[in-house]
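Naming follows writing order (A, B, C and D), and every chain is counted from residue 1.
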Amino acid sequence: MAEKFREQAIIIRQEEIADDIYSMWLRTEHIAEYAKAGQFISIYCNDGSRILPRPISICEIDKADGALHLVYRVAGKGTQEFCKLHTGAQLTIVGPLGNGFPKKSQKAFIIGGGIGIPPMLQLAKELDCEKQIVLGYRDELFLVEEFKKYGSVYLATEDGSAGTEGNVLDAIRENGLSADIIYACGPMPMLRALKAYAIEHDIECWISMEERMACGIGACLACTCQSKNKDEHSNVNNKRICKEGPVFRAREVEF
Amino acid sequence: MAEKFREQAIIIRQEEIADDIYSMWLRTEHIAEYAKAGQFISIYCNDGSRILPRPISICEIDKADGALHLVYRVAGKGTQEFCKLHTGAQLTIVGPLGNGFPKKSQKAFIIGGGIGIPPMLQLAKELDCEKQIVLGYRDELFLVEEFKKYGSVYLATEDGSAGTEGNVLDAIRENGLSADIIYACGPMPMLRALKAYAIEHDIECWISMEERMACGIGACLACTCQSKNKDEHSNVNNKRICKEGPVFRAREVEF
Amino acid sequence: MNTSVNIAGVTFKNPVMTASGTFGSGAEYSEFVDLNRLGAVVTKGVANVPWPGNPTPRVAEVYGGMLNAIGLQNPGIDLFIERDIPFLKHYDTKIIVNVCGKTTEDYCEVVERLADQPIDMMEINISCPNVKEGGIAFGQDPKAVEAITREVKKYAKQPVIMKLSPNVTDITTMAKAAEAGGADALSLINTLTGMKIDIHRQQFALANKTGGMSGPAVHPIAVRMVYQVAQAVDLPIIGMGGIMNAEDAIEMILAGATAVSVGTANFTNQTVTTEIVDGIEEYMSRYGVDDVCELIGAVHE
Amino acid sequence: MNTSVNIAGVTFKNPVMTASGTFGSGAEYSEFVDLNRLGAVVTKGVANVPWPGNPTPRVAEVYGGMLNAIGLQNPGIDLFIERDIPFLKHYDTKIIVNVCGKTTEDYCEVVERLADQPIDMMEINISCPNVKEGGIAFGQDPKAVEAITREVKKYAKQPVIMKLSPNVTDITTMAKAAEAGGADALSLINTLTGMKIDIHRQQFALANKTGGMSGPAVHPIAVRMVYQVAQAVDLPIIGMGGIMNAEDAIEMILAGATAVSVGTANFTNQTVTTEIVDGIEEYMSRYGVDDVCELIGAVHE
C-alpha cells in the first residue's frame, strides 16, 4: 500500500514564469521523499468557502532537500489564492497521490502540451534512455531550458512564434522524429492524436489524464475515465484517475 | 445625514490585554476623523465562509493620527480571525455607525461592565464635568490605568479580587457615590439595574445596547430593541440599535 | 451595448435589482450606492397594518450565509405610501413594492391601496403563513398559490410578480400554479428554512427557532430552481439567491432569469449592486454580447 | 464517560459514522483513519447489478460545498459481498450497507442478498428515481416511501434505516410515512439538488446538469429537518448534512440525532471522523456530560 501523507507544507519560493503560470517550490516533511514522476498532490485552500482540494501534478522532486516543484496555471479562485502566497506561507497538502509513469529503456518521446508540460519534467530527468522531448505551447514558452538539460527539445506553438507552427505531432513530423515509446500529458485532443499515432506505429503509449476530483484518493468515484476492459476494482468499465491513474496505457482507456 | 465610509483599514498594532481580550489600533482614511464616542464600526472577515460584519464599539479615537482603538473579546470564529492578525494587515471596515453618547455637563457616572467597558473610555476622555468612573469585571482587570487619566475610578469584581466584591451598583453604594447623570455600557442585567437606579434617583441615564446585527446601517431590521413609545421610523414600538442607537435614553427602551 | 430588459411591459435600465427585505426602501443604502444606477429597488415587504416583527435575536450567521427571522416588521401601507414611495420617486429607477399578509384579504387590501400609486410593479411574498389555513405558507400549496394570485390580480393595476418559496418538492408546480392564476412574472428563490443551535448554551440561535437561509450557500439551489422554472413556464423570471458578484448574476441569467435581485450580498458589501451592474457590462464587452437579453437562458450542454 | 449509542438494538461505540458515498467501503480512508475508532462505516450505495454511473464531470465545487452527480456507480452486490464486507469485518466497527435501486424489486433483491450477511444494519437510499413511476424519486412521495419501506422490511433480517431526501415540502410527512412502513430508524439529510453553470463556456458544470449539494453550506437546513423529524416521529435519527467538525456534530445531536454521519468533510480533511470522536469527548468532559445520550435532542429555548 502506497504511503500517503497529510502535511503542512511551507512555500520555499514562488514566481510567475509565464502569463498566469506559476512556479512554486514547497518544503514537505515526507511527501517529496516518497513522490514519483507523474504523481500529483492535493492542495487545500485556506479560505473556508472552498472545501475541495486542488489536484496539482508534480513537476520536480528534490529528495535531498525534501522539496517539491509545482508549476500550475491560475484557472479559478483556488489557484488564484495559491498564487498570492509568499515564501514561508503554509499550505495543507496530501500526497503523493496516484501512480507515476513507468520507466522503460526504449527510445522515448516525452511529450507535453500546455499545462501538461510540467509533469513531464521529473520523468525527463529520471528516464535513462534516448529522449526526444516535444513540447507544445499556445504561444508563450516556459520550462524549456529545464527540459533541455535532459534531452533534445522540439517545440511547437499554435502561433508559430517558436519551433513548428502547429501541435506536437506537427513538430514530430516536421523534424522527422520517431521513438519506440511515448510518455505524454496534455489536452484531450493531443492525447487522442498521440493514441492514434501510437496505434498506427504500433508503439507503447503512456498518458497522464485529468478530471474533476473530490477526495483525490479513490473513494468518491468522481474522477473516472472509461476503460477498454472491465476494471477490477469498479467492476464496470471505469477507472479512477486519482487511484489507478493519472497515468494509463493509452490503449486501456477510452477518451 | 451622517458620513459613513467603507475602507481598507491597516492594523497599527494589536495585543492581548487580558484573557481573550484584544486591543487593536487601526489606521483609517476617514472614519477616525468623523467618529464620536459611543459609535461603532463594522469589521468584515477575510475568510469567505463568514459573510456578515462584526460590530465593534470604538474605545478611543485619535483624530490627529487618523487612528481608532478597539478593544474586543474573542467570542467566535470572526473575532478569532481578527485576533490573529498582525501589524500591517488589512481589514475592511465600515463606519462610523450609530449615534454616540450625548455630552452633558452634570456630575456623571461613567459605568462599564465587562466588554462594555471599552466604549466608555473615549467618552471619559471627552466629557468635561466631574467624572466618577465605575468599572465592573468578572476577575481580570483591563484598561483601568487608561480610565484613571480621566477621573476617579472605582472597581467592582465578581470574585472580589479588586475593588468592591460584586457589581457596579455595589461599588457605587460601598463608596457612597452619587451623580446627576449616568452613561453606561455592559450586560443587560447591569443596564436594567442602572435604569431602575436612575428612575429611583430621578436622574438621566444613557445606555449603549447590543444585539445581533446583519447590515449594521439600519436596513435589515435585525438589531431592534423595544421602545417605550412608537418609533417614528418603524411605526411600531421598535428601534434599530445600529441606527437610532446603540446609545439610548434608558427610559425610552424596554429591556 | 443594450443592458435594458423588459418584464411584463416594464423596461429596466439594467437587470440588477435589490432583494426585498435586505435594502429597506433604499434610504440607508443611498448613503453608499447611487440608486439611479439600479434597474429597480424592490422594497421590504409591506402589510395592510404595521407589524412589530419577531423577538430578537433575529439573525444568525451560518457557513457561507445567514439565517433571518425578522418577522416581516414593517410600518404598514399608510406610512409606506406617505414616506417611502415619495423618497424613491426622487430617483431614476423602477419601484417594485413587495407585499406581505396573513390572509388573502390582507394582501388584497395592500394591493388595492397600491393600485393608484406611482410604482412600477408589485412582488407578492407568498412565503408568509396563511393563518386561516393552519399556518402552512401560501407558497407551499399549488392551489393556494393559484388562488392568491388570482385574487391579487383582481385588485392590481400594476404587473404582479409572484415570489416563490424554495421549500417545496417541485418548484415547477408552484410556478405553473402562479401562471394559471394570472401572474405577470415570477421571482425566486425566497429563503430556505434553516436552524442553528448554540452548542454551549444548548439553545436556538434565533428566538424564532428557525430562520430563512440566504447568502452564497444557497446559490446553487437557486440556479437549479430558476433553470427548472424557466423550462416549465413562459413567464419572465427575476432570479435571486446568494448572488454575491457579477459572475453569480450572469450564472442566474444564463439559467433563465431576465433580471436578478441582490440581497444578502448588500450586508457584505454595501456597493455590490452597482459593482454587479459594471461587471455584467464588462462580461458583455469581453464576450462581444451586444444585448444582455442574448444571455437569458443561454446555457447549453 | 459513555459515548456509545443504541439504534434499533445495535450498539455503536460512538455516534460518529461515515456518510454513504463519501467513504467507499473504507479501504481508501483506512490509509489515514483507524476504522476501529468509528461508530460505524456506512458503505457506498450498492445495487443488485454493477452500475457504471454518470459521464464526467461528476463533481463541481460551490461556495461552502460541492455538487455531485456520480450516478451511484457501484460494483454490484456480488463483488460487494465477496470483497467489501470481508474487508470491513477485519475492523472493530459496525457495518451499515447503503442500498440503491431503480425499482422496488431491485431494492428487495439486494436486501435479500444481504439478509444472511454479517452486517449490522442497512440504509435504504430512496432518493433514486423510481423508473417505473416516471422517474420521480421514491423519497419525494409519502406513499412511495411507505410502500418501499414495507417491501424492504419483508426481506430484511437486519434493522432498516430509511434515508430521507430533503428536496420535499414537508420532511415530517416523509418521516411518518417511513415510520408507518415499519422503518427501524431514519437518516437525513441526503443531498439538496443544485446546479452550477460555467459562465465562460456557458455550459453546465456537471455532465448531468444538476447534482446533489453537500458540505457546510447545507448544514443549517439539515439541522432544521433533523429537529422537525425528531419532534414528529419516535424513530432514532442518524443526522447528516455538512458536518465539518465536532461542533457541527454536537449541534446535530442536540437537534435530536442519536448519531451523525460525516460525508463531504472527509474530502476536506481525511482524518475528520476521528477528530470529531475526540471533539465530542472533549465537549462532554468540559460540560460534565457523563452519557452522550443526555445530549440527544437536548436543545431548549
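Keep this in mind: a contact is a pair of C-beta atoms (placed from the backbone, for glycine too) under 8 Å apart; a residue touches a chain by one contact, two chains touch by 3 or more.
Keep in mind that what you see is a predicted model, and the values were worked out from it rather than measured.
Undergrad: Using the touch definition from the top, list the chains contacting both chain A and chain B.
TA: Touching chain A and chain B alike, sorted by label: C, D.
Undergrad: Of the chain pairs B-C and B-D, which one is connected by the greater count of C-beta contacts?
TA: By the number of C-beta pairs in contact, the winner is B-C.
Undergrad: Between chain A and chain D, what distance separates the C-alpha centroids? Give it in angstrom.
TA: 35
Undergrad: If you average the Cα atoms of chain A and of chain C to get two centres, how far apart are those centres in Å?
TA: 46
Undergrad: Check each residue of chain A and list the ones that touch at least two other chains.
TA: 48-50
Undergrad: Show the residues in chain D shared as contacts by 2 or more other chains, in ascending order.
TA: 63-65, 216, 244
Undergrad: What graph shape do the protein chains here make by touch: line, ring, star, complete or other?
TA: Drawn as a graph, the chains make a fully connected set, so complete.
Undergrad: List the residues on chain B that touch chain A in their complex, please.
TA: Interface residues on the chain B side: 47-50.
Undergrad: Which of the residues in chain C end up touching chain B in this complex?
TA: Contacts found on chain C: 21-24, 28-29, 31-32, 44, 50-53, 56-61, 63-66, 68, 70, 73, 75-76, 79, 215-216, 244, 264, 266-271.
Undergrad: In their shared complex, at which residues does chain B touch chain C?
TA: Residues of chain B touching chain C: 1, 4, 6, 44, 48-53, 78, 94, 211-225, 233-238, 243.
Undergrad: Across the complex, what residues on chain D touch chain B?
TA: 63-64, 216
Undergrad: Enumerate the contact residues on chain D facing chain C in the complex.
TA: By the definition above, chain D touches chain C via 62-65, 67, 140, 167-170, 192-197, 199, 202-204, 209-210, 213, 216-221, 223-224, 227, 242, 244, 247, 250-251, 254-255, 283, 298-301.
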